[in-house]
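You will see chain A twice below: alongside chain B first, and alongside chain C after that.
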Partner chain A sequence: MKRAYYIFYKDFSSELRMRFALNALIMFVIVAVSTILFSLANEKVNQNVYAGMFWVVVFFSAMSGLSRTFVSEEERGTTLILSLIANPISIFIGKFLFNLVLLFFINTIIAFLYMILFQDFSIQNWDSFLLAFILGNIGIAGSSTIIAAIISKANVKGTLYPVLAFPVLLPLILMLIEITKSAMEGNPISDVEAELMVLISYDIIMITASVLVFDIIWRD
Partner chain B sequence: MNNIQLIVKNLKKTFNRRLVFDKLSFEVRAGERLVITGKNGSGKSTLIKILAGVMNESSGSFEYIFDSGKIDREDIYKIIGLVSPYLVLYDEFSAFENLKLFAKIRNLKIDDDKINQILEKAGLFNRRNDLVRTYSSGMKQRVKYASAILHDPLVLLLDEPTSNLDIEGKDFVDELVQNFRKDGIVVVATNETQDFKYGQRIINLDDYKNNQSK
Partner chain C sequence: MKTRYYIGGFIIVVFLGLLFYNFTRTNIEYESDFTQVMAKGKTCKATGVWVKEKSFQEDVQNRTFIFYLRDAKNNEMKVIYRGIKPNNFEIASNVVVTGKYENGVFHATDVLTKCPSKYEGQNINTSGS
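Coming up: the complex of A and B.
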């Protein structure tokens, strides 16, 4: 665990210096949110649309930023030194932690922007929204990390990412939209119990499976 | 008595259909120094990567035995120090930061003095706080040596050990190999005849190219 933490720490310091992921992410969020803002100006849309639109922006910002973790190591040729100083499990956990922190940071910004820019994006039941937000970030970070590891070994890095990630993340995104809708309508948390259980199972399965297959992907 | 031993049995590596080497068997005992040679593309670097545990073999096996117990695949990195031209360090950090990070990630209990000592030995002390990206290729090669000996490994794998090094740098490598722990193993992959002096024994990979050769 300590080793994983220091791999996270390495990526974090490196990100502070190089901004591999952060600049791309922030640009994406600004462009996406302002496009939505301008196209919806003065239109009266169903409140539910915002729930969907929120997670769509989250999905694509994850797509544009989270693959950097492994791709940048592969592109710069540092994969070798990394595998010489740590075992695969620590590497996976370290990278997962980094993506998780990045995702929480970016998604908090997105949520914040939505709340101040769109009056209709108002959460009535914070408990269920926050639970969905936390479980959703864990699930997205877990899947993104393992998919990033897979594509970093492929020849067609950039384009493959959303293609692979979409089917894997679709069930997760659908659940998240459901819960967010319900939270906006102010329904009690018990209404989305089933969805929350699915989220928890998704996270557990995704992370366990990832740790198991990472070893194979990592040593080619 | 702590005793390291490397046993390679019938090792074979292919990339897709292309055979790199086959039926490669040898043993290296504690204290031995082995030189691997062969033409360009004969698989020296491939063998080094397999022995470092970062690339999978196609068939056959290799194992490190320590104290009569086999070292697990996922623990091999702990006993290996590797230097090679294709090893790239984090160039957004300085030499000192690189070593410090590696020590942390490896969970080593060494302090800054020890890191400075290693950098001093590698002749980088004066430039230790400059970013690695500002280093010359010989200096980068020296940081790799520093990172390879940081954790006091039992096995030193050196691919083209003297590439990019000046006379002083070559002397440093000579000394390093000479003074490397007597209970350890050194494997050098090279085409430079002047590097052959590092080993007591030479394996030529050109002899392991087809299925007939034995």
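Coming up: the complex of A and C.
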């Protein structure tokens, strides 16, 4: 556990120094949100569209930034040293925590931008939206960490990542859109109880499966 | 080492079951009993027959369309649809409305009409050729 924290700390401080992932993410978010803003231009759109658009931006920003964690290790050739000083599980937990913090940071920015730029994106039921936001971030961080570990050894890292991540993240995104829609309509939290249960089980499955198979992926 | 895989596998199987169970619950349910629709107050698809005697009101300016539906047990329900009247509404044998029951009226977001089939059986004369 201590090792996991050290790996998290190492990634965090090197990210603060270089800002590889952070800059890419912020650029992406600004471009995507402003494109949506200009193309909609005060037009009255269905609320469902905003719910979908919000999670589309979240999904692709995760795709563009989160693969850095393992790819950068591979590029700098520090993979071997990392595997010498720590056991696989603590490496996974450290990287997962780093991705989680990064994702929370960037998604808070996206949500904030949506709320000030789009009047129609108004959440009526904060409880269910925040719950979905937290559970969704954990799910996205978990599955993107393990997929980043898988693709870091491949030659075509950029394209392989969204291709592998899309089918894994699809059920999660669908549920998140459904909950966001209901939160925007102001329905009580009991309406989306089934969706929230799906999110919780998805998170638990993803993290358990990742911890189990990370050993094998890391050694190869 | 082995036990770790067993425990992990067990957790995955249990939650996979939970996930699929809940996944099937997320679909919008069909409801043919209006008392259920009124009691639950959740988004659902209600099926019924248009009450011809009470007719319908159409407000083109505000784009609302109001009519009454009746289910198999003769329960009636007022439906408000934000939109224009579907084309073959008068001849429809069945109407499916998607929406939510609130304050005594059903607010529909979608109206589907089922047309009477062209090939519905006539009374077949069974006495031979």
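For the reader, a short list of remarks on this structure follows.
The rule is simple: the second predicted complex is superposed on the first by the 220 of 220 C-alpha atoms of A that agree within 3 Å, B and C clash if a C-alpha of one lies under 4 Å from a C-alpha of the other, contacts with A are read in each partner's own complex, and residues count from 1 in each chain.
Keep this in mind: a residue touches a chain if its C-beta (ideal position, glycine included) is under 8 Å from a C-beta of that chain, and two chains touch if they have at least 3 such contacts.
In this text the structure is predicted, and so the values were computed from the model without any measurement.
In the superposed pair of complexes, A:M175 makes contact with chain C only, with no contact to chain B. Judged by the touch definition given at the top, the superposed model places A:A154 against neither chain B nor chain C. Within the superposed three-chain model, A:S201 lies in touch with chain C and out of touch with chain B [touch as defined at top]. Between chain B and chain C, B touches the greater number of residues of chain A.
Judged by the touch definition given at the top, the superposed model places A:R76 against chain B, while chain C stays out of reach.
Once the two complexes are overlaid on the shared chain, A:P88 sits against chain B while remaining clear of chain C. When both complexes are overlaid on chain A, the residue A:M18 reaches chain B alone and has no touch with chain C.
Listing the residues of chain A that touch chain C in their complex gives 171, 175, 178, 191, 194-195, 197-198, 201-202, 204-205, 208-209, 211-212. By the touch criterion given at the top, residues 4-5, 8-9, 11-12, 15-16, 18-19, 22-23, 25-26, 42-43 of chain C touch chain A in their complex. Residue ranges of chain A in contact with chain B, taken from their complex: 2-3, 6-7, 9-10, 13-14, 17-18, 76-78, 80-81, 83-90, 215, 219-220.
Considering their complex, residues 49, 52-56, 74-75, 77, 80, 82, 86-93, 101-102, 104-107, 147 of chain B touch chain A.
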